[in-house]
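Note that the chains take the letters A, B and C in the order they are written out, and that residue 1 is the start of every chain.
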């Protein structure tokens, strides 16, 4: 189990193209894990995102890219109803999680978040011990576990953090480095056994080495989870993602409000190598943004 | 090992809302506690108004507010509150006379001139000054300031009590209130304004007085207004040091009974619920409450209205 | 060469001007006045503490702790007042802290801030914090009158008045501590499927405990030194027994000091001074504890 890290560094690194070929070759007859159907997101009267359609498949990594203000984080946060916390936020259209409308009248946001976890831009460990950070989710969810110690160990191992922290599980998580904190947050998310992990620019606060470790980890995790990642780093999207959605912001002529729209969605290789839309091409080639 | 990894196609998710009676009960408990603060305010109003209404059915409002003789316990009882108001006005004015310059001086010094280390010493001193019980201040006012300083050392023409000693000590008591709120207001003035002023060749004194002070004025006024409200409502210092005779106060060396002084004094005698004496207590309390409420609302209004957004 | 001279001239002029500006008689005088303001407060504080200490020196002995009030100052002590203060403050703490924390949690974590009721609660708490202490005594007095409680000299009645007095202070301190916990922590908790209540109880509140403890101790120290509301509630009594329960009769330290100060005999004034020193020591200890908690456990985010 401890050699996950070692194996993941070398071979997975070699070619993101390989994995993309593999992913796109797989027939997608199954129900998508997440599906956006004509999704628009509002903050009060302000339309932040307009008419977004795309789907995330099981065990794939989907990257949302685009210039800042294009609504990619807003879309991500609507997937586990974190937008509910913002006053006046409203979703139109349908976001379905394996066929269930997560904004349906009977749906509990808490149940959604239990299944669709999230890793944030800035590492946000709880001001508790490393152990309690991991055990927090299973405890609040009332998960029946045979051994919490084993669960903590496995979550930390899968997040490639176990070897670094196994001797200081009782110490405060705030004492870890930024990269370790972010991996701890990933372990914390894994511990509640979600099906989907949303990542909101998870590496933007980290140095390049810590970033590479997180990227390796994502490759490892895609075997078991469906991952959606927002990133402003196009190389990162090209390295890790199976599918890529390119968003941009369009200004309303009369009000000047900027509304995010999905320009193009497809296999990462297609988006980066032969985009259909001129705007995508301009952005990818660095002519815009 | 509990398996996080092994997963086949999971069953269709059940996202339906779970009943969470504990959450609902806890939230209701929190809301109840917050609502209790409203109940306290309403309770204050009812507790003060009900006996006051009875009081004013026996004593006309005019006679109460404008009468110049306060003798609620005498055979020929009289309920003119003016003497109490003059004593309160004297002690409050004297307190502010000392507290405003000293408090603002301390605030300007700490905000504009003091080094970090000096501030670290001065702040706790002010906190200690704020933490001294008012009854100890009262003891000090009557036993030292009045008896020793005023009478023995300065040979002032004054009796055992005076509004001056009560007001002076009360002024010191208010210094921390005025100093700390004003200092917060002045510290909130952005440094760019100070640098701009310095760039034009102003000295630190000119910057403090002509730039920072006016920019922080709303906070400073709010601090002073809060000081006024504390002086008007302060009870133990005036009960001990200002005197118990309710008469119109003509000068700082005279003794006099303030509104709060009367309340404290009348409370010592056990008056029967519903008696005129009991109701008198509440009429004076209501007057005190209305005065401090108006002052507080003015303060809150000033802070909201003129809050500088930096 | 010429330019260099000019530059030097400019520099010296500036330096000269700066020195003359900051060290002009006006500037020096202003600084002296500010120093005098501080000095005045310092001297006053010193004189207050020193004279009280000197006045009470003769009576700062074990009699203060063991004796009951008496008509002869030589035989009198503050034993029931000390115990009474402990009873009343303990009861006040038990009544106020849970309520204040709960109210603060509602206002900070659950209330919809734009709702009219929340706004009223908000302004009301600010206003309550500035209402004179004596008014809380009148409120309790009136409430006891309505409830038909004729014997007001009971520990729980006094504690009720002091609780209402410091409730807004505890609420304000708790709100500030909760607000200091970054919203990322709450989001992290919600993102693993915790309910808002679990988030508060298991995450936000524990992180805010040091601030809440500090604020509550400071509020209780204010209640410990307060006499006015209790004076209205018959707190000034001659006790010859130790208070021993919530319905027990009581008097407190500040009231005992008030009583002794108002007596004509000099012996009682000494006792008042000695009791004042004791009260100041208790308050300083509480403040020191509060500062200790603040410095040691307060988290820097």
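Note that in this section a residue touches a chain if its C-beta (ideal position, glycine included) is under 8 Å from a C-beta of that chain, and two chains touch if they have at least 3 such contacts.
Model, not experiment: these values are computed from the prediction.
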- Using the contact definition from the top, classify how the chains connect: line, ring, star, complete or other. complete
- Task: State which chain is most central when centres are taken as means of Cα atoms.
- Result: C
- Query: By mean C-alpha coordinates, which chain is most distant from chain B?
  - Reply: A
- Which whole number of Å gives the spacing of the CA centres of chain B and chain C? 13
- Item | Length of the line joining the C-alpha centres of chain A and chain B, rounded to whole Å | 53
- Query: Quick one: chain A and chain C, Cα centre-to-centre, how many Å?
  - Reply: 48
- Can you list the residues of chain A that touch 2 or more other chains? 110-111, 115, 191
- Query: Do you know which chain B residues sit against two or more other chains?
  - Reply: none
- Message: Quick check on chain C: which residues sit in contact with 2+ other chains?
- Response: 195
- chain C - residues contacting chain A, complex: 112, 114, 182, 184-185, 187-195, 198, 202-203, 206-207, 299
- Message: For a test of understanding, state which residues of chain A touch chain C in their complex under the given definition.
- Response: 80, 82, 85, 87, 110-111, 113-115, 117-118, 120, 122, 124-128, 136-137, 139-141, 174, 185, 188-189, 191-192
- For the chain B and chain A complex, residues of the former touching the latter: 1-2, 4-5, 7, 10, 12-18
- Note on the structure: In their shared complex, chain B is touched by residues of chain A numbered 97-100, 102, 104, 106-108, 110-112, 115, 145-147, 150-151, 154-155, 158, 190-191, 193, 195, 224
- Message: Help me check something: in the complex, which residues belonging to chain B touch chain C?
- Response: 20, 22-23, 26-27, 29-38, 40-41, 43-44, 46-48, 50-51, 101-102, 104-106, 108-109, 113, 122, 124-129, 131-140, 142-144, 148, 172, 175, 201-205, 209, 226, 229-230, 232-236, 239-240, 260, 263-264, 267-268, 270, 273-274, 281-282, 285, 288-289, 292-293, 296-297, 299-300
